[in-house]
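Order of writing sets the labels: A, B and C. Residues in every chain begin at 1.
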Amino acid sequence: MKKKKYNFNFILGMILLALTLIPAFVGLFWTPYNPETMDKTLKMAGISLKHIYGCDNFGRDIFSRIMSGSAITVAIALGTVAFGSIIGTIIGALTGYFGGILDEALMRINDVALAFPSLLLALVMVSLLGSGKYQVMLALGIAFIPSYARIVRSEYIRIKNLDYVKSAKLAGAGEFRIMFVHILPNAKTVILSSLMIGFNNAVLAEAGLSFLGIGVQPPDASLGRMLSEAQSHLFTNPGYALFTGCTIVAIILGFSLLSKEVK
Amino acid sequence: MKYVWKKILSCIITLFIVSLLVFVAFAIIPGDPALSKLGTNATEASLAAMRQQMGLDKPIWERYLNWLWGAIRGDFGTSYSYSMSVASMILDKLPITLTLMIFSMCIMILIGVPLGVYASYKEGTAIDRVIQIINQINMAVPPFFSGILITLLFGVTLKFFTPGGFVSISKNPVGFFTYMFYPALAVALPKSAMILNLLYSSLNGEKKKDYVRTAYSRGNTSNAVFFGHMLKNASIPTITFLGMALADMIAGSIIIEQVFGIPGLGRILLTSIQNRDYPVVVAIIMLIAVIVIGVNFLVDVLYKLVDPRVGN
Amino acid sequence: MKLLHVEDLNIEFHDHLIPETVVFDFDLDMDEGEIVGLVGESGSGKSMSALAIAGLLSRHDMRKKGSIVFEGKEILNCPRGELRSLQGDEICMVFQEPLTSLNPVKKIGWQVEEALKIHTRLTAEERKKRAIKALEEVELENPERVYDSYPHELSGGMRQRVMIAAAMIGNPKLLIADEPTTALDVTVQSQIVELLKKINREKKTAILFISHDLSLVSQLCQRVLVMQHGYVVESGTAEQIFKSPKEEYTRRLIAAIPTCKELDEDIPVGECIAKVENVNVSFTKRNGRRTEPIHVLKNVSFTIHQSEIVGLVGESGCGKSTLAKTLIGLLHPDSGTVYLEDKNPQMIFQDPYGSLNPSKTVQFIMEEPLKNLTKMTKKERNALSLEMIEKVGLNEAYLSRFPSELSGGQRQRVCIAASLMLHPKLIIADEPVSALDVTIQAEVLKLMTDLHRELGLSFLFISHDLRVVHQMCDRILVMKEGQIVEEGNREQIYQNPKHPYTKELLMSAGLL
């Protein structure tokens, strides 16, 4: 019974991710049509065999745009997660393991940062750093550091008081060996599942920023920016918004189904 | 009572740190506000005069203290782009955004809490599984997309409201509140999924605890155990979540205001960011900080009321 | 008519593909006012049987067969509504962990009265009166204040008294006590046992007492059932079971009780290898803005010699573990000196599940000190770990396993093997067997005495169990509130204790 349920979540998650991430990956190198080429004859063209998602108000192929747009969204999310999690893990490990005044001070700042929604923090960062895909990556990465740091820190605090860490100390292991050889592998599951949740939050935040027009700038088109374009033609061409939005939902749903199984 | 005072003190300290960080961050951004205000062909003399007028010639700590003293009295300076008082600009729009937030908070609780309790009560049944599947999908829909879907469904197809037809409360109160319901729903839906999920899993966690077995051993009915014993315990993590949810709702409101064309705080924040109108940005961030920290304070106090173990 | 008649009770789990039976053909008869003990190691099915009698096994993936007749009424598989009228009124239960068994967000009074609220129509005032009386009867001081407290504000012993008061408030005919003293300190344990005796005497309540602790059962029960792997292997009067056990397993259980038998031979004691002089340790406790020091160790001095097993006894919170940590250098004393001959002293911890890193293999864990502290080659390390794992009675196959693949006893053996890797002279063992079942406990203790004899190892043996200490140790230190109140060799401490606290400890353990 339990086994079956595991497979259902896992398979559905994998299918959703395959349907979204494979086109995104392919979209880095090749799309059926140039996502930026406008064709007046195809303006608002409906769904056809040639244009499976139809065309937008400029006659651009929506499927091609979604392919390259999700590539940008996923790339930014990955960059964000990598940046935020590496720095967050290091800060969390150091403060959690050593404690002391540095820990107190950093956690105070962390509390302040965590009181703000990460999107708002990213907004502030973007207004400091400017718009554009690299700025968004950096802004979101910085905005996500506090939450990673807190998760890793509490794992380290929990584990450092366990007897096997004391045993490792008695076995002569140095502080860094204890932190990264003895403790880190045991914090792995928690870190991994927070990475997946973090990835989802990054997709959401990037899409949000770009939707507001202060994220990715033209000619780059991420899913969020496309959704805000599509919104202005909601009456005439609802397909554009629906396909783009559903791609975002599929990515997030796929990852959250998978992250359920990681736990 | 001592607990409350302690919390108030720590709130004030946190606010102070926030104000310092935010002010310094925006004060050291490269770029000259005087230059952007007067344009590139301004003379050096007029620039210097402008800097003096804007108070930019003073050292940063003095500017901060001046600003802080003003902020405490409700004066956040003058907008760079509109030459009007920041406070009046914000006060104008604040009620709109607050309405949106309060609306969505209520909708979130009204949807999430009963369904979470009900699903856990019916754990393992078909209805529980249906709720879980819908909830999983709901959680994955970003608020701006749920806003678009709501516009499509209720605005375009069913014609319950006119998309983009915002009216102010002074002109048409009924119209205002009817219109605000839809954006509030869009903000609340994803959050209600999270609160449902949290309540569901903490209730299911409580079911395995020893005190539940004790309650059964005294002859309680399963309803009495569920509602009399478990619910209060399970609500503890949910209360913590409310504080965080509110912070996220502010972010959600900023975005959703764009989807529904609502002239609230979100819109001024965005235009100010794009125009690099920093006094306005700083003031709005501080306002959000006050709201978030204030609500978290209320959550802490509520927490203390529910959980006797806190604060002793 | 019997109060309780259980016949052919079988309990099966159906949550896996193959149903798993955890209790086979369980039979039990109890008369009114009788105390029956149910003894067995973990996984023997004793708690399952007790929960079935209390009507608390109602998971949907569980099947129960047989019959349970309480006062002439069949209660197994009867509708929950009928069962409810008995629960909390005629049949009551007390559990092992009093902290988690009480609802953390409800006041004590509310929880004690709950059974009355369900089963009687008393007014709030009458209920309160009864609750206060019930709290008085379990010998709680200041019952009015306890009535208005929350569970976290009470000590472990007080909480268990509250649990008993809540169970006894409806004057039940049958009280089921599932390991009610296991989570408590020795002196508190004996108080709770005395309380149960008094309740049985004064109220004629029948008690089904479930425990893994045979010596406790022998103090309390008139009749005893011994369970193993889901079967009742032997039953009879307490005297029959203890004086002339018939079954092999019962004999093994009784033999595993650490008795006060002498070691076969005394090994000559060598020179001093550890010396602690006037050690003081304190922690600072933040109390609002003020910080106040808490003195955990006060002027502690003792020595340990080569080939000596020194016992350190005391109740939880007395500073035993702090002393161990100070001795091995995990804590630094405020004042005083600690001298150790071993450069890298080793320690064995209480909880075998927490002391082995779950993400590393046994071999990695064992070779860790060699990697950090010696220049041995990989080959030498492998040879040494093989030698040591065999020394503790395991074999090569265990080296590649992860801790999660080992049983509690095997884990503790691995911990001992790991501590031997650097050839230490002294090993500090902090409650090394208290998390283990009695028969496993006996095996691990035997391993330790063998190593002591074979290698001339010294141990500082920290324990709350005076029987184990008597069996293992040559010299004993008694600790109370951070001070060593008495020190002496085994005969002195056990035959002729001087300090009143030592006497109290010995009395609680039934040794004086």
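Keep in mind that, in the parts below, a residue touches a chain if its C-beta (ideal position, glycine included) is under 8 Å from a C-beta of that chain, and two chains touch if they have at least 3 such contacts.
Note that the structure is predicted; figures quoted are calculated from it, not measured.
Q: Find the chain most remote from subunit A, comparing centres computed as mean CA coordinates.
A: So the chain farthest away from subunit A turns out to be C.
Q: Where's the contact count highest, between which chains?
A: Greatest number of C-beta pairs in contact occurs for A-B.
Q: Quick one: subunit A and subunit C, Cα centre-to-centre, how many Å?
A: 48
Q: Whole-Å distance, subunit A centre to subunit B centre, using C-alpha means?
A: Taking the average C-alpha coordinate of subunit A and of subunit B, the gap between them is 21 Å.
Q: Going by the contact rule set out above, which residues of subunit B touch subunit C in the complex?
A: Touch residues, subunit B against subunit C: 124, 209-211, 213-222, 224, 229, 232-233, 236, 306-309, 312.
Q: With touch defined as at the start, can you tell me which subunit B residues reach subunit A in the complex?
A: 14, 17-18, 21-22, 25-26, 29, 136-137, 139-142, 144-145, 148-149, 151-152, 156, 163, 247-248, 250-251, 254-255, 258-259, 269-270, 273-274, 276, 281, 285, 288-289, 292-293, 296
Q: Along subunit C, where are the residues that touch subunit A in the complex?
A: 15, 325, 328, 330, 344-347, 349-351, 354-360, 365, 368-369, 372-373, 415, 418
Q: In the complex formed with subunit C, which residues of subunit A make contact?
A: 1, 162-164, 166-174, 177, 182, 185-186, 188
Q: Any idea which subunit A residues touch subunit B in the complex?
A: For this pair, the touching residues of subunit A are 108-109, 111-112, 115-120, 123-124, 126-128, 200, 204, 207-208, 211-214, 224, 227-228, 230-231, 234-235, 238, 241-242, 245, 248-250, 252-253, 256-257.
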